[in-house]
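In order of appearance the chains are A, B, C, D and E, and numbering begins at 1 in each one.
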Amino acid sequence: DKSLEIGYMPIIPISQAFIVLENNALESAGVSDPKLFQFQNGPAIVQALLAGQLDIAYLGIGPAMVARAKGADIKVVASNIVEQISMVALGSLSPYFDNGDANTAFTRFKADKGRNAVISTFPRGSVPETVLQYWLQNQLGMSRDEIKQNIDIIYQGAAQVQQALMTEAVDGAAILEPVVSIISDRKSDAKVVASGSGMFPHQPGAVLVVRESLINEHPELVKALVKAHIAATEQLRDDPEEAVKSVGKYVGGGRLPAKIVLNALKNSRDQFEANPNAIIDGTRTMHDFQAAQGTLKVKVDLEALFDVRFYNDLVKE
Amino acid sequence: MASQAHPLARTPLGRALLGIIGVAAFVMLWKYAQSAGWAAAGTIPDPFKLPQALADEWTSERLMPAVLSSLVHYIWGLAIGTFLGFLVGTLAASSSLLDALHAWLARILRPIPPLAWVVFAIAWFKVSHAGAAFVIAIGVFWVNYFATYSAVRNVDSRFYELARAFGQNGHLRQALQVTLPGAATGIFSGIRTGIGQAWMTLIAAELLGVPGMGQEMNSAAGVGAYEVVVVYMLIISLVYTLSDTLFGFIEKRVLTWRPS
Amino acid sequence: MASQAHPLARTPLGRALLGIIGVAAFVMLWKYAQSAGWAAAGTIPDPFKLPQALADEWTSERLMPAVLSSLVHYIWGLAIGTFLGFLVGTLAASSSLLDALHAWLARILRPIPPLAWVVFAIAWFKVSHAGAAFVIAIGVFWVNYFATYSAVRNVDSRFYELARAFGQNGHLRQALQVTLPGAATGIFSGIRTGIGQAWMTLIAAELLGVPGMGQEMNSAAGVGAYEVVVVYMLIISLVYTLSDTLFGFIEKRVLTWRPS
Amino acid sequence: MASILNIEGLSYHYGNSPDPVFADLNLRMEDGEFIAVVGGSGVGKSTLLRCVAGLATASHGSIAIHVEEDDTRRSRGVVFQDGRLMPWRRLRSNVAYGLKGLKLTAEEKRDRVDEVLKLARLEELAERWPHQLSGGQVQRGGIARALAVQPHLLLMDEPFSAVDAITRQHLQDQLLAIWEQTRKAVMFITHDIEEAVYLADRVVVLSGSPANIVLDKRIDLPRPRHRGTDGLQKMAQDIANAL
Amino acid sequence: MASILNIEGLSYHYGNSPDPVFADLNLRMEDGEFIAVVGGSGVGKSTLLRCVAGLATASHGSIAIHVEEDDTRRSRGVVFQDGRLMPWRRLRSNVAYGLKGLKLTAEEKRDRVDEVLKLARLEELAERWPHQLSGGQVQRGGIARALAVQPHLLLMDEPFSAVDAITRQHLQDQLLAIWEQTRKAVMFITHDIEEAVYLADRVVVLSGSPANIVLDKRIDLPRPRHRGTDGLQKMAQDIANAL
């Protein structure tokens, strides 16, 4: 028997974790009593990993890179999700995307309203923020100066983004599920004006990381975990209704109406992706983009970050 | 005090009544703000939906484990922070050497926010009650440190003279006989502030990943369940009120000597 | 005070020297802890890399805008919180009716953490300096409220007698002539704690989405740039030290009457 | 002359003690009269004075003070037994304290303060903080503060207890001079019977538990009086016997 | 008898004032001697006492106190001019304060406290807080506290200033009785010259600025003395003239 420490954040993108935790996959792999740690943000998971805590963690690719660069012996053994960021616009902003060229939406907004559009996202260096910048620069073709002149980007946490959207303190947000579903549910004029692949093709999202020591000492356990992970991903794609209960228990601590959870899962079903090979290129693109933006300050050895053997072996079987 | 007590405020019952009136007025204002649309719909929780939210938290068996878990690091953090704040404050105020030695360091460390400590707390204590208690203790520490420092500084020096005149020399003896009772009022005011401060730091501390009410509040806020947020705030208030009242009794006991 | 000042602590220069010794000892301990691996590698920033991190922040033109932005809501929040805390504390301590009316409400609102207020601040103030100032003001408010309340309560009642004996009746007059000077020491200690408290709440306040040092700190922590986190902590400390020292001077001026 | 003070059936009771300090006490004071109150330590003199000054509310009975309508602020001046200078005011400002709100120009106020400071021999210490004064100096500061107001009824609680014999004689004579000039009523608490007899028109002796007036003696010696004369000594002996 | 106190060339200077309070003061006190110090208000009596008590450090000069080695804690007992009871202790506990650390059993301590409380006529008030006492009661509490220690050198700063004549005579006689029994040295500051002469072996007069001893008069009247006798009065007059 092996006692495992598992860290996670209560967010939709790592839904696989909740399914694995709720079915008896771990138990049958010989882990009777895993210790769960719920974190509210990426940096805390990184610190815990650095401090030698946690054998397994579900976190964003950004924090995973940071943890690896800072010396944590972790490997990405599977992906959770890709292309999961959406650009939500409220009634004030969405018309500029509906009628006319998206590339000029923000400049037209400013010309009409006489003020910058206010867009909310997660703190600098986070995945949503990176995707927002990538979208503005590489998809809409705005220069950094243009962005500065037309958009006020503000950085908030999940609760604040929601509150800001609900009170119309902002005009839009680049954000994850379940916020997108919650806002769509409560604000009829909110609209997704750009999503996933439209913002950052092959953009990596959350990943499953495992400590190297665990890989070395208990490869069979890691293999079982990845196997369950793949099965969970399939379930999320094929049968989201089935996953609602497990996911709802963790996301929002069970306080979200099942309808919204289901909605969020359905919105994301095509983005769930277990194959780590699928995100290696995207990770490199993101890494280089962040380095160019100046938001990634550490040197990351991307080769050492991934360990795709388990996934590849399982797929071959 | 300057003046006579108001007739209603003279009995405990009257005071309780006034207290309830105060709260009721507040709840009414709140409900009015919520229904009159002072802010966008859905952004202000509805006070009348709180009982339902409380019931949900209770039946889903999230409430009690969260409360108990929070209490563990709350009590430890409060106790350690209060004790150390009191100790360092007293030492710094009574020894000019220690005072000068730590003055700059204190200035540097004082304004560091609990959230910044969270990151380092994990490094030192891992994700554990100890780490959360550490973060809470820091907030409590400073409050007590300043209150004690200032109170000890302001003890009437004539009583130190008195102690020396009666051969009660030695730092410890004077600390017990003069400093402590002379500074008690200020120290108690600090402890009392700290009891509240500790709850205020709780959410930050639980960002660490330690379960408890702060974490529940965070995840409720994260999905826009503001009624639940308020439920936890109220429970925190309840526990706080209990501890504050208890402390008020202790304070009154210890400070019987004050002219009422 | 209990005893004579230590020879070294008698001159400002000596005190500065001792202060520097204290800080130097701390930095050495820190560097040792970092290099000797007291905590896992990478979790403790390297003090010797701080100058480089500072230079980077400076040249990338993030530093000054962040500092200035933080100062805007810091100063407003501090001023408003201090003023209201002082006002409510004084009123509650001098009027038994007000005291009873607000007692329960204060107990309920007291422990609500700044992070919880952030969510509501957005609803009321949108994402603005006003919202951040509001969150900061709340933390500062409570500290000042308690300190003032306790200080006012403990003013020697013989001086109220004196005022009445000389026909100085009326609440305002007694407040200015007796309450204020009599409670000054305690009130000042509260204000001083509040000046530090305001910085501690800064990060929480800037979670609102308002730019400033707290936000820079957050995003630096997010990408594991702990040296940058420390740089901002130190800059906060610097600004704090300036304000604390300035306030120390004012305090000394106002309280000249105390036997030294 | 009209009466300035009329105490009827006065009882006082400290909240935490079962016995009253004094019960059913009656005292009438004519305008311009100088009354000395003597009595054992702890008998209730200070408490009586606090009641008259309106600082303590009696359990029973009434206290009436009669002064001109527009002068109620100047109705009473009090010298406390413990000096009671405000530690946060310099001596000068402590002495000027009672003048706040009186209809005087700044200059008039300054002159009055200078005058009483001089009278109390404190001119040179005007800029000191209270903690920099000796016991007797604090006490004299309290006297100066009360005199500055020129009250209709001056209440003095053992005002000269902490000063040396010479200063005391000086202050006694100053007080008498002021009194003779202004003819304002004075209630003077002392434990020095000779002092009482030297100064007062009437000496009231408080005694017993609960305390009451056991002797109310008119001192009908002509003024100016002289210390140590036989008449004075005899009076003092009579009063001492009553105690 | 050996000398218990030897003051040589003593000067004192408050930090914030340019002039010394007293300069080059010399005073020698034999063991068992009763010295009274008189002088004008603010002349420096309390400051001198604080120097002797070791509470203030002189600018120049030396103060030597000679007591048995193992009894340094009991070497001095001080009665402060302002009473100075600790507000957070009940009267009994204030009176017992000086006994802390003395080698006495709890019972001996209790007996001593009872004894001095009785002597100061405070038995009934033992459980009161200081703010519940009258001015004279506070002062007597301070006296009781110092007497309880049975010090080798008893320093009293105007100890009877706030008590009535009768209580004062009682306390004077009690003090004399104790002194005659124990023959411990007493330095007694007062502003009442008759009191000084009635009690003391020697009366020292402080005067001038900076102050110094202008008269050091031995009172060679036999004991027990009687108040109001001519010999006493004459002595007092002599001293008053020196002031």
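By definition in this document, contacts are C-beta pairs under 8 Å (C-beta built on N, C-alpha and C of every residue); 3 or more make two chains touch, one makes a residue touch a chain.
If you want to know which protein each chain is, UniProt gives these names: B, C = ABC transporter permease subunit; D, E = ABC transporter ATP-binding protein.
Only a predicted model underlies this, so the values are computations on that prediction, with no experimental measurement involved.
A.B. asks: Does C-D or A-C have the larger number of C-beta pairs in contact?
C.D. replies: Output for the comparison: A-C.
A.B. asks: Hey, how far is the Cα centre of chain A from the one of chain D, in Å?
C.D. replies: Here the centre of chain D sits 83 Å away from the centre of chain A.
A.B. asks: Could you grab the centroid distance between chain A and chain C? Build each centroid from C-alpha atoms only and quote it in angstrom.
C.D. replies: That pair's centroid distance is 37 Å.
A.B. asks: Between chain C and chain E, what's the gap in Å when you average each chain's C-alpha atoms?
C.D. replies: 49
A.B. asks: Taking each chain's centre as the mean of its CA atoms, how far is chain D from chain E in angstrom?
C.D. replies: One centre to the other, that is 28 Å.
A.B. asks: Specify, in ascending order, the residues of chain B that touch 2 or more different other chains.
C.D. replies: 39-40, 43, 119-120, 122-124, 178, 218, 221, 258-259
A.B. asks: Indicate the residues of chain D shared as contacts by at least two other chains.
C.D. replies: 82
A.B. asks: Two or more other chains in contact with one residue: find those residues in chain A.
C.D. replies: 41, 43, 47, 50-52, 157, 159, 163, 166-167
A.B. asks: Considering every pair of chains, which are in touch?
C.D. replies: Those chain pairs which touch are A-B, A-C, B-C, B-E, C-D, D-E.
A.B. asks: Which bits of chain C are touching chain B when the two form their complex?
C.D. replies: Touching chain B from chain C are residues 1-6, 8-10, 14-15, 18-23, 26, 39-40, 43-44, 93-97, 99-105, 107-116, 119-120, 122-124, 139, 142-143, 146-147, 149-151, 153-154, 157, 160, 171, 174-175, 178-179, 185-186, 188-189, 192-193, 196-197, 199-204, 214, 217-218, 221, 226, 229, 233-234, 236-237, 240-241, 244, 258-259.
A.B. asks: Touching residues of chain B toward chain A in the complex: what are they?
C.D. replies: Touching chain A from chain B are residues 39-40, 42-43, 56, 60, 62, 118-120, 122-124, 126-127, 206-209, 211, 215-216, 218-225, 228.
A.B. asks: Using the touch definition up top, name the residues of chain D that touch chain C in the complex.
C.D. replies: Per the touch definition, chain D meets chain C at residues 50, 53-55, 72-78, 80, 82, 84, 86-90, 97-98, 100-101, 129-131, 145, 149.
A.B. asks: If we count contacts the way the header does, which residues on chain E are in touch with chain D in the complex?
C.D. replies: Those residues of chain E that touch chain D are 14, 16-17, 38-42, 45-47, 81-82, 132-137, 140, 157-158, 161-168, 191-193, 240, 243.
A.B. asks: Any idea which chain A residues touch chain B in the complex?
C.D. replies: 7, 10, 37-41, 43-45, 47-48, 50-53, 157-159, 162-163, 166-168, 178, 182, 186, 251-256
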